[in-house]
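Dropping a structure here in structure tokens format, bear with me for questions.
A, B, C and D are the chain letters, set down in written order, and residue numbers restart from 1 in every chain.
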Amino acid sequence: MQRITDSFNKQTFMHTLGAELTHVAEGEVDITLPSRQDIRQQHGFVHAGAITTVIDTACGYAALTTMPESSEVVTVELKINFMSPALGDAFVAKGRVIKAGRNLTITQGDVYAIQNDAKTEKHIATMQATMFRVESE
Amino acid sequence: MQRITDSFNKQTFMHTLGAELTHVAEGEVDITLPSRQDIRQQHGFVHAGAITTVIDTACGYAALTTMPESSEVVTVELKINFMSPALGDAFVAKGRVIKAGRNLTITQGDVYAIQNDAKTEKHIATMQATMFRVESE
Amino acid sequence: MQRITDSFNKQTFMHTLGAELTHVAEGEVDITLPSRQDIRQQHGFVHAGAITTVIDTACGYAALTTMPESSEVVTVELKINFMSPALGDAFVAKGRVIKAGRNLTITQGDVYAIQNDAKTEKHIATMQATMFRVESE
Amino acid sequence: MQRITDSFNKQTFMHTLGAELTHVAEGEVDITLPSRQDIRQQHGFVHAGAITTVIDTACGYAALTTMPESSEVVTVELKINFMSPALGDAFVAKGRVIKAGRNLTITQGDVYAIQNDAKTEKHIATMQATMFRVESE
């Protein structure tokens, strides 16, 4: 949907990270993050905060797809478990709506690491987040 | 402590964000994040993911200060509530240890927005995170 | 405040647990849970679910104290870390409001174990919870 | 598996709630909670704390099924979103292992409300919890 793309493009942090919007459907948004050198933590893995950033954004936009046109979305809170180090050529963050409500929308997010020479994706993080609808001005 | 500073300096993502280590003590680490243009979300506020990144890092290092020299720390999980938009000239992320354990350390994090022309800090986010000790190789 | 007490007394689960409302002030509610035999888990400690029940209730009512008279409160979500086994003669669950909002109120909860023959309280659990205001009918 | 059943039967709180172990398989445990009068909150719904208790227990035992015989399991932390009031004749709490590790196991839990005269289950709560393996004595 166009309003998701337009909003995504306004996020300077997505450009800084090199993140791309790779899937948008009703209640579903995917964002892909390349494994760049400038987003690493001390052990050389991609920083958990960069992973959290893209999955939070994916969940927020997934929620927005279920809201009226005049809406903006804000993250009330998120909780994320990091299950494996963020090691790979890229990461796909999949945000999905579990329950869309008038004010509050509950989302589930999962992040997968991709190796370019492999067929499999590795599940590295899982998130639950609560989104709040704000009427845009 | 020197090992926290050395480890922080290895984090390329901290450089990308312009974050600085501004306080280190037993069970306490503060990180300061300037409000740069390249870390914004669609409404012009600093991205929740950038805020989460610095408070996660502060909590991780706060936990590390309570562990033996030979330890590395990884974030098992974190949960953060965003209470106000990240609006300000800079943000201070204060990570504190609540309970230091042999394997698991529980931390509390709070983020405050600072206005250069004001005396007050505004509490914009609060976090709970679980850290795990790994024996370094 | 009377409305908190009246509401608490309608909760049959509080009676089943033997829980008592022991402190009510603006943004603050404490509930005390005795260490009964019928609320234990498999190792003989008080069940984490009983602990969660009383601190969730304390945080919900703490939020309610900051809302208009015509309000009801519901828990959107909660996150709790269990730091030590629930071992003691009683437990005090202290719910506190961190940020009161028009719709959403953010609360912090802590649970302490009490030994009758000791002067000290042991901090056994810490919680963050998001509460939502509903207009009562 | 017998050790899950034996452990469940030692939990006096499960008896107090009237909860039953209704499914055990590798990485999967279901617990069923009847909608009794003595576990209600102030609006007449089943208390969120009772719901949390059974899904926490289901997730803990789901984790235990993936651990060596000599293990005990403790809940490090849990985070739960309540999506609809706990209204129904019974509730099924389904605990599932997402990632089994040597020390830490990540679980996902979902709770469904059942109406005796209906064919459908309603999804009322979703949880993420971190479990820790302890060597039993």
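Just so we're on the same page, a contact is a pair of C-beta atoms (placed from the backbone, for glycine too) under 8 Å apart; a residue touches a chain by one contact, two chains touch by 3 or more.
As the structure is a computational prediction, the values presented were derived from the model and not from experiment.
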Reference chain C; chain at largest CA-centroid distance: A
Contact-pair overlap exceeding half with A-C, pair selected from A-D, B-D or C-D: B-D
Contact-richer chain pair [B-D vs B-C]: B-C
Chain centre separation (chain B, chain C; CA means) in Å: 28
Inter-centroid spacing, chain B versus chain A (mean Cα positions, whole Å): 20
Where chain B and chain D are represented by their mean Cα positions, the distance between them in whole Å: 33
Multi-partner residues of chain B (at least 2 other chains): 76-77, 79, 81, 128, 130
Residues on chain A engaged by chain C in the complex (per definition of touch): 76-77, 79, 103-104, 128, 130, 132
Chain A - residues contacting chain D, complex: 79, 81, 83-84, 98-99, 101, 106, 108, 123, 126, 128, 130
In the complex with chain A, residue positions of chain B that touch it: 7-8, 10-13, 15-16, 37-43, 47-50, 52-54, 56-57, 72, 74-82, 85
